[in-house]
Each structure stands twice: as C-alpha cells, then as structure tokens.
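Common to both upcoming complexes is chain A, partnered first by chain B, then by chain C.
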Partner chain A sequence: MATDLRISNVSKIYPGCIANDNVSLQFKSGKIYALLGENGAGKSTLVKILSGVVSPDNGEVFLNEKNLKLSSPLDAKKNKIGMVFQHFNLFETLSVFENLSIDATEDNKSLRVRINEILKKYNFSIDLDVPVLNLSAGQKQKVEIIRCLLRSPKVLIMDEPTSVLTEQETEELFISLKKFCDEGILIIYITHKLKEVLSLCDEVAVMRKGKVVSVSQTQNERVETLANKMVGQKLAKIKKKINISKNKDEIFKVKHLNFYSDDPFETNLVNLNFSVKKGECLGIAGISGNGQNELFQILSGEIITPDTSIIFRNKEIAKLNPKQRREYLMAFSPEDRISQAAVPELKIYENVALNNFKSSNFFEKGLVNEKKIKEHSKKILSDFSVNTDNVELKSQFLSGGNLQKLILGRELITAPELLICYNPTWGLDVGAINYIHETLIKINNQEKSTILISTDTEELLKLSDRIAVIYKGKLSKIMPSEEVTPEKLGVLMGGGSID
Partner chain B sequence: MSLDISFIGILIGSIMASSVPLILAASGELITERSGVLNLGVEGMMIIGAISGFALMVITDNLFIAVVGSMLSGVIISIIFGFLTQSLLTNHVATGLALTIFGIGLSAMLGKNFVGIPGKEFPILFSSLKESIPFFGPILFGHSIVLYFAFALPFLTNFFLKKTKLGLVVRAVGDSPVSASNQGINVILVRYCCILYGGAMCGLAGAYLSLIYTPQWIENMTAGRGWIALALVVFATWSPIKVLIGALIFGGITILQLHMQAIGFRIPVQFLSALPYLMTIIVLVVISRDSRKIKLNTPTSLGRIFYKEK
Partner chain C sequence: MALYFFTPFIAIILTILGGGIIFYILGFNPIEALKFYFLTPISNLYGLSELLLKATPLCLIAIGLSFCFKSNNWNIGAEGQLTFGAIVGGGVALLFYNQEGFYILPLIIIAGAIGGMIFALIPAILKTYFNTNEILVSLMLVYVSKLLLDYLVVGPWSNPEGFNFPETRQFSDSSRMPLLFEGLRIHAGIFLALAAVMLSWFVLYKTYLGFKIKVSGLSLKTAKYAGFKGKTMILVVFMISGACAGLAGVGEITGPIGQLHRMISPDYGFTAIIVAFLGRLNPFGIIFASLVVALTYLGAETAQIFLQIPKYTGQVFQGMILFFLLASDYLLFFKVKILSLKKNELRH
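Then we have the complex of A and B:
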C-alpha cells in the first residue's frame, strides 16, 4: 500500500529562535527524499516533531490523510514512523539483543528468529550478544535500523546517517536504503552533504532559517546550485596549492609513540612514527574512535607516554605538559570546542586568557589585568571575524562556527610554529567551514606547520600536503596527497590495504 | 575462651544478623542507583523506618503492622525525594543530604516518647533446629523472617536486573535516559518506582534494627549504617552479589573486633574500630578490579538530572 506523509504549516518557536516557520512538505512512498540544510536550518527540529520527541506549536502531520497526534515517541512508533537519530539512541552497556528487546512485544525466542531473518535478508553481520559499546559506528547504526525494521515501518527517517561512516559503510547503507525504498518504505534522508543528495535521493527539499526555500527533482540539480540554495549566497571555491617541500627542515618529529589503556572506551596506539616539515600540513584521516582522541591528547601533552620521543624545533618535548609545549610555540585546537577548548560558562575574554598564562602580561603579581586581556580579545574578535565585538559575552552563547573562530584566533595570535587541530570544522556550516579552511591554508603559506586530524575526507584532501590514515591505533604509511583518492582513503579507513 | 566449633557457629550467626540492615538498605539503593538516581538519603530513610516501626509496634502491639508500616514510612519519605529530584529537577546530592538531615531530626522528635520502652520479642523460625544441630544450627536456623528475606534479596535483585524485562528497562534508563525516553519508556515513572522501592528497603532495614536486632528505640540508632550501605553499593560496583559479600565482611569484622577488644588484644582500640571500614574497602576494591565490568555495571547517567524536551 502506498504511503503518503504530509506536513502542513508546522511551526516551532524556541526562545530567541524560530526553528520551524510554517513548514509544509509532502512525501510519497517509492521515492527517497532529501531534507537539506545547514546546521540550525531547522531540519532536526522538524525530524523531532515527526518522531514525537517535541510537539509543534502550530500545524499538523498527516499520514495517509489521517491526522497524527504525535505527542510522544510512542505515538510515532505506533503510527509506523521509524527514526534513526544522528546521535544513536542506544544503551551502550546493554547487549545488542537487549537493546532490541527492550520495546518488543513478543517473547525473546521469536524476536531472535525475526532479528536473524532481517540480518540475513539485508546481509548485516552483527553479534547479538556483545555490549553495544564494542560495536563500530556503522554497526551501531545497523542496530538502530534493525530496531526500526522490527516494527515494519511505513516511514523511515535517517538523520545525518553518514557523519560517522566510512565510504564503504556509506555505500552499503545506500544499497540498503534503496532496497527499503523498493519494498515500499518511504525514506526521508536528512543531510548537509550535497553529493549524497545527488547520488541517493529522488527529490530534495532545502531548508534555510526554519523555512523551506525550495523543493525540486535531484536530476535537475548540481552541487553548486544546491549549495547556493542552502547558504543563500554564492560561495567562493577553495583549493590549496600543494607544497612541494621535499628539501625543507623537519620541524616536528615523533618516534615510538605507544599508548596502552585498560579503559574499554579508549583505543591503544601502536608504534606511531611521523614527522612534519616546515610549512607543511600533515593530514591524519580515520573514522572516529580509531585512536585520534588519544593521539591528540599525547601530542598536546595531556597524556604523557613513556619511551616516546617528540622532537620539536630540535628540542625533546615528550615530557612537557600542554602549557610548557605552548611556550615552545605549539598550539592546539581540540575536537570538543565546548568542553575541551573553551569553558562555556566563562566570558570570551576570560577564555582568551586561559591559554596565555605566561607569554603575555595578562597577569601581574597574581592579579588579572582585565584591561589588557580585553584589548587583546577585541583584536582576536575582529581579526578572525567573529560575529560579535562583546568580549563580556559568555562563550556558550557563541554559535559553533564563531566559537571555533575564537579558539583558532586565540591559538594563532601567539604566532605558533605548529598548530595541531582535531576536527576543526566538525558540525559547522558551509560558510564557517570555508573561513576555517582559508585560515588553515594561510598558516601554511606563512611557513608555519599544521597537523590536521580529521574524520572528514574531503577536508583532508583539500588541505593536506601529505596524508596518513589511522586505523585501530595504527598509522598507515604517509602518502603525498596528490597520490591519494577518496576511494583509497576509504579502503584504508575501513582497515583494508592498498597496493 | 575456647574456640570450639559450636562457638564459631554462633559467631557466624551473629555476623549474619549484624549484616542484615546493610544488605537491605544497599540492595534497595542499588536499584535506585541503577536507574540513574543517586539518593544520599539512605541514613535518613533508615532512621525514619526504625522509629515508625518501633512506634507502630508500641501503639498497635502488632509486629506485622509495624514491619509493613516501617516500609511504608520509607516509601513516603522517599516520595519527597522523588518529587523534588524528578518533578522539580533539583540536584540529587543536595536533596539526598537534606533528606538524611531531615530524617534524623524528625525521628528524634517523634521518638522522644518512646525512649526507654522495652521492645517486643520478634518470632524466630526453626528455633528447635538451632539447638539440635551443632555448628550449622545457629548459622542456618533460628533467625527472623526478615533475615532470610535479606539473604535472598541480592540474588533476587541480580535475577531481576539480568533476567527480567523490567530489570532491563531499569538498566536502560540508568544507561541513557534520553534514549530510553525516545524509545517511549516513561523515564520519570521508572525512576519514581526505583526511588520508592529503595525507600521501602531502607525503611525495612531501619525496622530490623529497632524491632529485631536491638529491640528498642535509641536516638540516632542507625549510627551511620546508611552511609556504609551507600559506600557498599559504589565499592561493589553496582553488583548485588558483591554487595552481599561486602556487607558480610563489614558485619564480620565489626563483630570480630568487638571480641578482640573483649579478649584484650594489645592493639589500640581506635584501630580495631576502624578495621571494618578499612577491610571492607580493601576487599571490595580488590574483587572489583576489572575496569571493563565496572564500565558495564556503572549506571552512566547516575546523579544527572533528566529533563524531557517538550
């Protein structure tokens, strides 16, 4: 039976922000629909409304002309709307089977039979009796999908499903989604990745600032047209000139980096060796959870490992803490902006002071020199085009992009010789990403070096001079980026080997 | 004193009796914490259970009503905690501490007229077998029904958490309340139930003290046992069987060091009094070393306020 889902004049207003402004959309089974938009465009709110997590202030949702009252996730389930969230709704400490059985109405025996049928039908391989925390992100997502399939859904909503997947896993997911679509399930695919929309979806709706700005057939669209609709303005293209820097000095050299941990949430690192030349960007690719966190913490000095040698500007710095490393002109931009890079409750100028205890004269005789810090902060805000000039603002009220600009500005204003950043554009929208990328290229042009640890393949190919892949705590060989293709990276990121 | 075999039997029997309040309170708190709620009011709920059990026994002269009443009083006082933390979203730690202070104060006020009144003898089961079988008699027989229940409780708790659907729901809520809520589980309701159950068990633990173990009312008679129960849950890494082991070690060393003091060992009394605390922590730390298992047993959301989006 055909399914017809209609959203009619839905609005949702949060204090200070209109998340959905009179949104009307129509979906029919047999097609895959894309819902495209930048962060904060209102996609997630719309999805939360469809899955009953939040209720709209205005408007209605119709399934096959039946008005749905979606006041809780249970209502969505009852009406056969399945949902795979971007942040998985799984219980990490429970086994896969326990996760699936928690809302099942049948007994465990017949449930197991049904799960195994689904595993076989779609060629999924997952051990049902291991705790979810042992699974890869791709497997976790499959568990989420199985959970939806067990309820034979009419509508399946996928919220940014590929942000944690490898190229191969993404292809597998697309094959599965097409199968589901052929079986008559209506699929709504939420993303901000333009290429995915073009390769997977039949129709695309673009959202901007809470409104639907366009609905069109994907065959009539190109990456550029969609990007312009999404951002609302024309974007400049960035491409880095690759540094042929064979004869340049090595500024940073790591030898015998090993890390062992008992913690099941951490990854062990096995004998990492690499070096960075002056003015070069070394990219480290990999799917999250393969040791990037640990690597970043060791490079920044948060974790000190024995027997590791780190030479920076001809000095041994392996035993130094982050503050001491900064004094040798290293700078760091961690992945988690809100809890690692900045203190959200502190004001902008206070956050600026945090990493500059010694090099500047912010502190005199143990007292804070507010005036100097504020002047300094104002300079950062204007130099790095942060969208505010109020240094008294609490950092938590900055958007992700502005906060990242502030953090980069804070790190770069000391003119470091080496910047180590981990997923610097994670979760940012196209405009902010462009700005950050331009900044990182500019550093390299000034003969300063960068190490870019990132899960975004496109970003790595755009910015790196050489690229290595980290998989299960081991580093692949380092390749000049002109020899690297997204396919090659995908294979290495999934644990395969090339050549 | 001769250390003959029947004396050791009696000794073990008394060790078991002294661990009962710890097992009851800790098993109750374990379920509460497994759902992600940290209730530091155990001591307060226990002492309220102790006074209401004793008062009801004096007033009604019926031990059954006294025991059930003490559990109900534990439930009622834990409703306050549940309402504050789950409905008004107050901080778990502060609310729990307030509950303990409130409980101790209220029990002292209510108990003023009950000081010095002698308790009633609580019926014991299989008393004839206790005398007739050497060694095993005093261990296995001649105890109150509450003791048998207490020793079954950790196993029942383990079964509940690992094998039943409801136990799975409790663990899921403790692991990730947001995910559970998105799966259509009523997180607040589950947590309320766990809080009330914990209150009932703490009330029963208090009643065991004032009706069975030392049948009388003395102000502040729980004497920190609630805090020990709380510590047991954490050091046993939320495993019911390890709670039982910890409670027995604590009870055991408490009794043994009293005997050692009586015999006159040349060890400072202060050290002997500190021994139970020390040994319990050491043993539980040693048996709970597997960091993987700790991760799997620890309720990830413990003590965090859950707020449902609207």
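Then we have the complex of A and C:
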C-alpha cells in the first residue's frame, strides 16, 4: 500500500527563535527524500515533530490523509513512523537481542525468528548475543534499524545517519535504504552532506532559517546549486573593509596541530597549519561536529597536544594553559556561554573575575579584592552596553545577548592582541548580533587580530579577511574572503572540493 | 534560594514524623518516645555537654568535607582519615606515655592533622595522576586504616600491662585535651571545631582558593576554561579535608577516650557526610547540622536505656535525614506531573 505523508503549515517557535516557520511538505512512498540544511535550519525540529518528541505550535501532519496527533514518541511508533537518531539509544551492556526485546510485544522465540528473517533478507551480519558495546558504529545503527523494521514501519526517518559511519558502512547503509524504499517504505533522510543527497535521494527539500526554501528533483541539482540553496546568497550589506596587507607581521602561527581522541564523539584533527596576521580576522567555517570544538580547546589551552607548535607574538605557547596564555594577551570566547564561558549561578562580578591577570589585581596575596573586581565589572557593563548596572546580579538573569556582551567585554577590556571566538552570535537576536559584529570589526580596525570559528556562513563572509573550511578534522586551504562565494563554502563544508 | 536553606528544616521535620511512625509501629506511644529521643537527652547540663562532645568531631569532619564536595571531589573516606590521624597522633602520645609537658598535646594534634592529610592524599594523588575514582579509593582505604589500627592495638602497641585487651596504654595527662568544666566530658577540642568553622568561612568566601573551589564545583568546564590548575586544587582540598578528619580523630582519643582501641569512632566519618549536606556545605549551616545529627546519637542511647530499643535506631534516623533531604531537594526543584497511561499504550 502506498504511503503518503503530508506536513501542512507546521510552525514551532522557541523563545528567541523560529525553528519552523509555516513548513509544508509532501512525501510519497517509493522515493527517498532528503531534508537538507545547515545547523539550526530547523531540520531537527521538524523531525522531532514527526517523531512526536515535540508538538508543533501550529499546523498538522497527515499520514494517508489521516490527521496524526503526535503527542509522544509512542504515538509515532503506533502510527508506524520509525526513527533512527544520530546518537544511538541502546543499552551498551545488554546484548543485541536483549536490546531488541525490551519494547517487543511478542515472546522471545518468535521475536528471534523474525529478527533472523530480517538479518537474512537484508544481509546484515550481526551476532544477536554479543553485548552492544562490542559492535561498531555501523552495526549499532543496524540494530536501531532492525528495531524499526520489527514494527514494519511505513515511514523511516534517518537523522544524519552517516556522521558516525566509515565510507564502507555508508555504502552498505545506502544499499539497505534503497532496498527498503523498493519495498514501499517511505524514507526521509536528513543530512547536510551534499554528495549523499545526490547519490542516494530522489527528491530534496532544502531548509534555511526554519523555512523550506526549495523542493526539487535531485537529478536537476548539482553540488553547487544545492550548496547555494543551503547557505543562501543573501550577503550582509555592510561588509567590512578588507584589510589584508602582505607586509603585516604574522602574530599567531600554528604548525603541525594533530589531535587524536579515543572518544567516538570527538573529532580527530589532522595536521592543521595556519597563521593570523596583525589586524586580521581569520574565519574558520564548517558544519558543527567537524572538529571545531577540539580546535577551539587546543587554541585556548584547555587541551594540550604534544608536538604542536603555537607561536604567539614570537613566543612558543603550545604548552601553556588558558590562564598563562591570557597573560600573553590572548582572549577566548567559547561557544557554550551558559556552562563554560560563564557560570549562571555566579554573580556578574564573580564571572568577571574568571578572566584574571596578574596586573588586574583581582586577587592580592590570595585574597579576593571585591572592590577592584566590582569597579572593573561596572566598567565592562557600561562600555559594552550590557542592559544592567547591578554587578551583584546573578548572570542567569541576563539574556543571551547581554551575557555574550558581558563575556566579550570581559575578554576585550584587557585589550588582547588576539581574540579567538567560537560561534559568538549563536542563538542571539538580531540586535545583539549586530552589536557583536560591530565590536569584532572594531577590534580588527584597532590592529588586533581575531580567529572566528563559526557555523554561520553569513557571519563568516561578513567579518573574515581570509576563510578556511574545516571538514572531518582537516582544514581546507585558506582563501582570501573576496574570492570566496557562499557556493564555494557550501561545497567545502559538505565535503566536496573546488577547482 | 531561600528554599535551598529551608529544605534541611523540612527534612528534619519529616524525619521526626517518620521516627514517630516507626515508634508507633513498634508499639510505643510516639509522642513519649520522641520526647525520650530528642528532649530527654539534652534536658540537663550533662546532656548538653555530651551533645557538644559528639557534635565536635562531626562538625570538624563536615567542614573539611565541604571543601571537597564544593569542588566536585567526592571524598567518602573521612572515617579512614580520622582513623589514620588517630593512629599517628596516638603514636606520638604513646611515645610520651610516661612524660609530662605543655608541648606534648600540640605535637599530638599536629601529628594527627598530618596523618589525616597524608591518608587523604592517597586517593587525591591516584585521582590526579592515574585517573582513579576517588569515591572507591577513599572508601576502601577506610578499611585499610581500620585494619591497621586493629593490628596495632592487638599487636605492637598493645598495653604490656593490659591483660591482652585490644587497647594501648592510657595516655599521660599532658596528652589529654583540657576539660572545660569539672565533671563534664566536653573538652577544648570544641575550639578546634569553631576555629575550623571561622577559617573555612574565610577561605571559602574571601580567598582566591575559595573562588576556584566554588567555580570548579559549579562547572568544571568553566574552571578548565579559566585555566585553574585542577590538579593542585584537588590535592589541596583533599589535604584540608584529611587534616580536619585527622583532627577529629585526635580530639576523640585525647578527649573522651584517652587511649587507642578498636572503637575510636562510631562512624563519625560517614555520618559527617550527612552533616555536610544537611548544613548545605555552608560553615555555619554545618554547626547547626552537627548539633542535630549529634542529637540522634544521644537519643539512640537514651532510647536504648529507657525504651529497650537498640541504639542502631540512631543510624535509622541519620539515614532518614539524608533520605528526606535528598527527596525534598528533588521534589522542591522539580515539577511533578502525573501522566495517565492507558493500558493498551503501555503494552505497545
């Protein structure tokens, strides 16, 4: 029986951001559909709505013209919508069979028979009696898929399924997905990898900023055209004056940056080399999860990697911790402003004291100099137009924008020579974004340098003098930003290559 | 915020109610029993002195633990640090068993603090350099120190004139804590506890170390980002905590006990964990909490005498305090929502 899934005028608004803005889409079985978009484009929210994890504020979902009221993941299951998430929901210490039998409705014997049928039919080779922790990522994903197949789903949603897979496993997955599709299961494939869309899917819907911007047949698309749609061509009107000058000194130079992690959720970095000139902004683009976290922590000194050379103002600083690096006039603004850059439970002035120099005298002979810290904090609040003058306020009461202003203020008031920031405007409203962009441009104009790691391409094109793209822990060549187009960036971010 | 300091009171009230129910089930008049338990013990001067005597080690240890807990280090082995401190301090006291001198007691006290400190350094060093879990290591070390004490009091250190009883010689008078009042057991150790309260308040709220402890406790990620030297701080907080536990041990053996034997502590080191949390890891909260918990020790003894119930009911009360504290924290800070699930939904 043919399946027809229709999303009609779905909207979901979170405080401060519209995740889905009047989204309408139609899917029919027999085809593989791609849902493509950057981070924060609204793909995940839409998927969560389809799987019953969140309820939409507006709009409806129809399955074969039946209006679905999905108020919990259980409802989605009952309506034969299966979902394989990016991060697996398996009990590592239980065996594969135990994992599959947890929510099964039949007895173990017939369940085992059915699982074996599925294994045979799709050529999956998984030992049912080994603990899940012994499986590879690809095998774990197969267990999740089997779990869905056991319920004979009509719709199968795959959320960024290849992000943890090897090339070989990816190919196997694609073969299986095509088989499912031939059997009449409707497949919705969520990704930001352009090549996968072209090689696997029949139709592609592109989302940007919560809206569906295009629906088209993949045979009419190329990597470049999709990249264009995904990133959007709308460029900021006030682009800053590029101030690259060949003669300027290199203030910061990284050589042989390698990072290897045992943690499967971290990305390994492979031989990164780059430098930053005085007064320059180096942008590092990329879809999140391609090594930006690790790169930021290595640049800030939270992770020390052996054999890496980091030269800053003619001194080797690779072995120094963040506090020592600050003494050399570096400053850092991490992505996670709520639990890393600041502590919500601490008062504003206490958060200011986190960035403390010998010369700032916040702590004299081991004692807290509250008066000094408070004076300094007051200055930050007024200089960076934070919307309060009460330094005793706990920072959890600041809005995201004001908190980010406070953090940037704290980092910048010491007039650092280099500021490294990671997604500085993530989740902020337009006013705050503008303020922060202006601030970043201003410090470049004062001959101070910045490294801007960001997943927001618009921001990168607006602020950077040179741009490189990080993909799977590798850095592309560094390009002057006037040579960079959104299209080029999109291709590189999706793992393609240019020229 | 106000609720945060209010929940301990709710926990205490619930504990008393819970205790009443238990007494009722056991066949006692709950009001009478509770009166025996919580009022009779402190209805005279001697009782008050005993309350302070029991609260002293609890307060000292809990103050030390608050440094660890505030900075996200889970030192569960204060009992072991107490025991080892008592062993080292007791060793010094035994060296001077037949001598008198004003310098002996300070020497013992310092030796005890150092002993506790060294013993706490073991889990700290293993944690910082070998990534072991401090909960397991510190807990297991409790048994190591208890067995060591056992060996010493039956073996090399046992009293040669003691008819093979598992105990050492009596300490000399110069090795004993001065008593505060004639006829009462309350001793000068209480000043050590009060000094620890003052000092810890100063360190936690007025120094850079205190600031670092606070930040690390709230967010390890932020501490790392700020560049605090995590390893040094772990060592320091464990040393502070061990020193306090060691002092508590010395206070016991030079105070009410006067020698080393097997039972130098009725699990003060473990009970102090409850005290630390009941006092909200705040130095002055800990004073209050140590008095409350000390009362459960006393109440258990009176109950044993007058009601013929085992004194282990004290542990029941201590357990209930922790249970209700955690429960009221959980329920006060979370919203409870009752969902109705239809039967067929459950089956699917």
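Rule of thumb we're sticking to: the second predicted complex is superposed on the first by the 260 of 499 C-alpha atoms of A that agree within 3 Å, B and C clash if a C-alpha of one lies under 4 Å from a C-alpha of the other, contacts with A are read in each partner's own complex, and residues count from 1 in each chain.
Everything below uses one rule, namely that a contact is a pair of C-beta atoms (placed from the backbone, for glycine too) under 8 Å apart; a residue touches a chain by one contact, two chains touch by 3 or more.
Please read all numbers here as calculations on a predicted model, not as lab measurements.
With both structures placed on the common chain, the touch criterion links A:Ile102 to chain B but leaves chain C unconnected. By the touch criterion defined above, A:Ala342 lies against chain C but remains apart from chain B after alignment on the C-alpha atoms of chain A.
In the superposed model, A:Pro334 makes contact with chain C only, not with chain B. By the touch criterion defined above, A:Lys48 reaches chain B but does not reach chain C. Judged by the touch definition given at the top, the superposed model places A:Glu350 against chain C, while chain B stays out of reach. When the two complexes are overlaid on their common chain A, residue A:Leu128 makes contact with neither chain B nor chain C. Once the two complexes are laid over each other on the shared chain, residue contacts for A:Lys77 go to chain B and to chain C alike.
In the three-chain superposition model, chain A touches both chain B and chain C at residues 74, 77. Within the complex, the chain B residues that touch chain A are 165, 168-169, 171-172, 175-176, 178-185, 291-292, 295-298, 300, 309-310. Per the touch definition, chain A reaches chain B in the complex via residues 48, 51, 53-55, 72-74, 77, 85, 88-94, 98, 101-103, 131, 133, 262-265. Residues 205-211, 214-215, 218-219, 221-222, 224-229, 345, 347-348 of chain C are the ones touching chain A in the complex. Partner chain C is touched in their complex by these residues of chain A: 74, 77-78, 105, 300-302, 321-326, 332, 334, 336, 339-343, 345-346, 350, 353-356, 363, 366-368.
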